[in-house]
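What follows is a pair of complexes built around chain A, which joins chain B in one and chain C in the other.
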Partner chain A sequence: MKSVWPVITVIAAILLFWIVAVIPMNMHLTADQAQRQDIAVSPDTPAARQDLSGAGLALRNTHLFGMTYTLERPRLPSPHQVGVEMWKTIALQKVTSRRSLVYHGWVTLSATLLGFAIGTSLGILLAVGIVYNRAMDMSVMPWAIASQTIPILALAPMIIVMLGSIGIQGLLPKAIISAYLSFFPVVVGMVKGLRSPDGMQLDLLRTYHASPAQGFWKLRLPASVPYLFASLKIGISASLVGAIVAELPTGARAGFGARMLVGDQYGQPMVTWAALFAAAITAAALVGLFSLLERLTLRRMGMQAA
Partner chain B sequence: MNEPVIAASRLNLTFQTNDGPVHALKDVNLEINKGDFVSFIGPSGCGKTTFLRCMAGLETPTGGDITVNGMTPDQARMARAYGYVFQAAGLYPWRTIGGNIKLPLEIMGFSKPDQAERVKHVLELVDLAGFEKKFPWQLSGGMQQRASIARALAFDADILLMDEPFGALDEIVRDHLNEQLLQLWARTEKTIGFVTHSIPEAVYLSTKIVVMSPRPGRITDVIDSPLPKERPLDIRDSKEFIEIAHRVRDGLRAGHHDV
Partner chain C sequence: MTGTAIISALAVWGTGWFINARLAASTAAKTRAVQLLVPAIFGLTLLIMWELLVRLLEISPVILPAPTAIASRFGQELPTLWVDFEQTIIKGAMTGYVIGAFAAFVVAIIADRSDFLTRGILPVGGFMAALPIVGTAPIFVKWLGSDWESKAAVVAVMVFFPILVNTVAGLRDTTAMQRDLMRTYGAGYWPTLFKLRLPAAMPFIFNGLKIATTLALIGAIVAEFFGSPTVGMGFRISTSVGQLALDMVWAEIVVAAVAGSAFYGAVAWIEGRVTFWHPSQRK
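This part shows the complex of A and B:
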């Protein structure tokens, strides 16, 4: 239970920062609205207020602090506004409704999981190739690294459009972008893992005259399991980011990415923020799930989790 | 029976390094007979481990001949003619002790019931009965090394090659394991090649002590031990023991003077 307090402290610090930040961030909007409601504001013209910073304006209008937390379309929603939006869209909607975040979450999650499966399989295959084939060792790694230097935001629409033009639509294009982000940590981790057995362990297998396949299944693969889990945890969160990014530029109608975009375009910041938080919670849950799997697997294998 | 189990004649091995060629072994001649316990002793760089690795087919000599059971070392390796014990136990952390001992048996295609029987048998041989289901981290260093010896014994090769197997263990554990190793050797009648840099260990264990010296790695003395096969630990206080230890030390010193 001791480990709970540091976590709570950090969350409290973030919340506090957020709550304080709401005031200056929303002050200009609040002042405009207050003026419309005949509340005295200083200075009293919008133009004069524009010359002041949010913090400066806040200091001259301390009586408006309360209002900054209740704007309908704030620049920065307060925590409770985001919380209410999440409650409304997660708990109070049927999960099949297009207004439900659970529905949108599932759309993104399904692309994430498919992409993660593709990316992980591809990553493991590439790693095996790199470890066993000298030509692949020399050729694949630079390309894998180069692939990750291209901004995914630039690449995603191109992939979606190109796949669309050959008739591939829906889940798969998003999954491919997911896979594009998630295969890389798996390649890097698995190459390191498959190469982790030392010379002595390889010599031992030679003294048994073991075949290369036996060396793979009995030594290299089990030795790489701890590395694989480290990679999977990075890979699954990268997959989720990939799926969301894939939804952003393509006019997707469903998914976390679509919700973020809708909130942005229609001036509903709460919608954007709620989607953002739901995505973060989903990512945390996925990483947590893999941590748990890691612990169970390593314990079963007799190895302590790092 | 007259055929030596391991025979090396004019064996040479030169490593090419950035600082020029290194003569790891130079004109090494040696015969090991069935049932011998042969120790290789010498300072670091004298080629004792390299020599053992040549016997195992893990290094390829650059000149001369070496045969193991009348075959080339590589053929002997493929025929699984020897068990090899490394300096570190090198047990797979994801396998139980029993699972680790099964590893060579699985690779060599022994049947499941045969595997189980052999695991039980060799665990008794190294005095680890009851530890089959434990994981390596649950065992002490000495027990891990015993498990690795059991692993090398599991497929019942006639030759056991051991590369400083007790080098990383403390004196008391080492004494104990030396005693056990002698009992094991007496019971199994294996031919053992044993690399060490401890003089008492070499003298206590061996029927034949091969003294080596570095740059170039070569044999400077081969001592046939007059000690009886039955060796209690206190034999190390006997006159013969001390005389042999002296001769080994002299051999090592002579090798050093040449440098």
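This part shows the complex of A and C:
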């Protein structure tokens, strides 16, 4: 627990930077609004204000600092505004309401988890195939590695349209993108893990006269668990990003991605910010969950993280 | 018709697999040529199967265009693809990548002076790197306009955290013995940094830089879904999907794949030159 104070300090520094940045970012909007309310602003024409930077304008109008934190549609909302918006859309709405972020979160999360389950299972199967079949290893492995350098996410809109035109809609297209994104990290990690037992350990099994199946279940599979968890943590956050991006260009009506787009198109920055933070919290919770599972599993198995 | 299609596709698959199985089992399997040939045959097999199935099953190009259709579209639209490449990869992704990497580097070196800050930045940065930062795209588009500046900003934020975490971790990766040696030489902070700790951190830094190449392309393309001038890969993908011109979408994806691999390859090449001493680079 040595790093609790450093972490808190770093987070506090980021928050402080954010809070200070709110003033110059919102100053132009605030000055316009203040003028409409007959508060003295210097300089007093919008055109003259446009020539000044946000910070310059802020220094001339120190009396308007308070107002920058209470705008209805700020360029940069302050942390407390985001917090209030999230509280309103998470706690104060029924979870079935379309205004509730829990509802939108579930839409995204269900696609993420379904896709993650598909991608991970297929990835593990392919990794087993690669480890036991030389031709498969030589054919597929270079592509699996190369595919990690390719922005697969760019495929998302096309996959949605492709599946839509053959009649598959709703949860599944998003899940397929999530599956695709979690698939390759799992393949690469699992191949590494299944190959991690060294010659000594394999020889030991041979002296025990162990069958290949026993070698798989008793040595290779347990040895791959730390690698599997490392891949799962990468895969789950990639899955979530995949599901969110899949909602963007396709006119999805629900989900975090749809909320971000709605906020963007209808000029409601708070909606976008709340969806963004809710997505971040979801990602953090998922990665945290897998870290916890990793710690518990590895402790029971008496192993070290990869 | 469906029967012939499936049988011929399976025949192609069988042939390709047979060749690869023979190659993998042969004594030449360890040579570099065969190791490149096998994946190439596998890729080619898939392409031929794709072409055959699309042609024989008469799949509509609105659902899945044939590889030859994509290739011919690619040839016809080279000028457009080049302009999009310039807008998205050179202006958006590369600018953002350089800014983000540079910023991460500077912050890491400043933070490295204090053990307290390092212990705070490592977990927070690792956490931030796992977040869906690409979601900030609409916000940056609103702030910086729809041209490449907003894309570069999204990319810079996306690549910042992985590079930061790796650099900070790398700067800590010297042993007490090595640092003591520098001290016996009478080396101060700066000589130690430049002669020992930065070189020792290079494998970590390049790991971060390599992870960030893919992130940079994703950020630049996805950010264009939120608003862009009428040029750019993300713009072209989303409008072509709308026009059901899927061959154009695939052509853009080919560009993205080639650009992604080339970008990664370039960083890996520089890594090989800079960290030639590291065990992972030894031949």
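Basically, the second predicted complex is superposed on the first by the 290 of 306 C-alpha atoms of A that agree within 3 Å, B and C clash if a C-alpha of one lies under 4 Å from a C-alpha of the other, contacts with A are read in each partner's own complex, and residues count from 1 in each chain.
We adopt the following convention: contacts are C-beta pairs under 8 Å (C-beta built on N, C-alpha and C of every residue); 3 or more make two chains touch, one makes a residue touch a chain.
All of these numbers come straight from a predicted model, not from anything done at the bench.
Novice: Label the relationship between chain B and chain C on chain A in the superposed model as either fit or clash.
Specialist: Aligned on chain A, chain C fits beside chain B.
Novice: Looking at chain A, does chain B or chain C touch a larger number of its residues?
Specialist: So, of the two partners, C touches more residues of chain A.
Novice: Go through the superposed model and pick first if A:Pro269 touches only chain B, second if only chain C, both, or neither.
Specialist: Only chain C is touched by A:Pro269; chain B is not.
Novice: May I ask you to decide whether A:Ser110 touches chain B, chain C, both, or neither, giving the answer as first, second, both or neither?
Specialist: A:Ser110: touches no partner chain.
Novice: Kindly classify A:Gly302 by the partners it touches after superposition: chain B alone (first), chain C alone (second), both, or neither?
Specialist: Touch partner of A:Gly302: chain B, not chain C.
Novice: Mind checking the angle chain B, chain A, chain C on Cα centres after superposing, to the nearest 10 degrees?
Specialist: 70
Novice: First (chain B), second (chain C), both or neither: which does A:Gln214 touch?
Specialist: Once the two structures are laid over each other on A, A:Gln214 reaches chain B alone.
Novice: Have a look at where A:Arg206 lands relative to chain B and chain C in the superposition and call it first, second, both or neither.
Specialist: First partner only, chain B.
Novice: Between chain B (first) and chain C (second), which, if any, makes contact with A:Ile244: first, second, both or neither?
Specialist: Second partner only, chain C.
Novice: Name the contact category of A:Gln93: first (chain B only), second (chain C only), both, or neither.
Specialist: After superposing on A, A:Gln93 lies clear of both chain B and chain C.
Novice: Between chain B and chain C, what is the shortest CA distance in the superposition, whole Å?
Specialist: The answer is 13 Å, the least C-alpha separation in the overlay.
Novice: Considering only the contact definition stated at the top, list the common interface residues of chain A for chain B and chain C.
Specialist: On chain A, no residue contacts both chain B in one structure and chain C in the other.
Novice: Provide the residue numbers of chain C that touch chain A in the complex, in ascending order.
Specialist: Residue positions touching the partner: 17, 20-21, 23-25, 29, 34-35, 38-39, 41-43, 60, 62-64, 116-124, 127, 130-132, 134-136, 138-139, 141-143, 213-214, 217-218, 221-222, 225-227, 233-234, 237-238, 241, 244, 246, 249-250, 252-253, 256-257, 260-261, 263-265.
Novice: For the complex, give me every residue of chain A touching chain C.
Specialist: On the chain A side, the touching residues are 2-3, 5-11, 14, 25, 75, 134-135, 137-143, 146, 148-151, 153-155, 157-158, 161-162, 165-166, 233, 237, 240-241, 244-245, 248-249, 256-257, 260-261, 263-264, 269, 272-273, 275-276, 279-280, 283-284, 287.
Novice: Okay, in this complex, where on chain A does chain B touch?
Specialist: Touch residues, chain A against chain B: 200-201, 203-210, 214, 218-219, 222-223, 225, 301-304.
Novice: Which residues of chain B touch chain A once you look at their complex with the stated criterion?
Specialist: 56-58, 77-78, 80, 82-84, 86-88, 90, 92-96, 103-104, 106-108, 135-137
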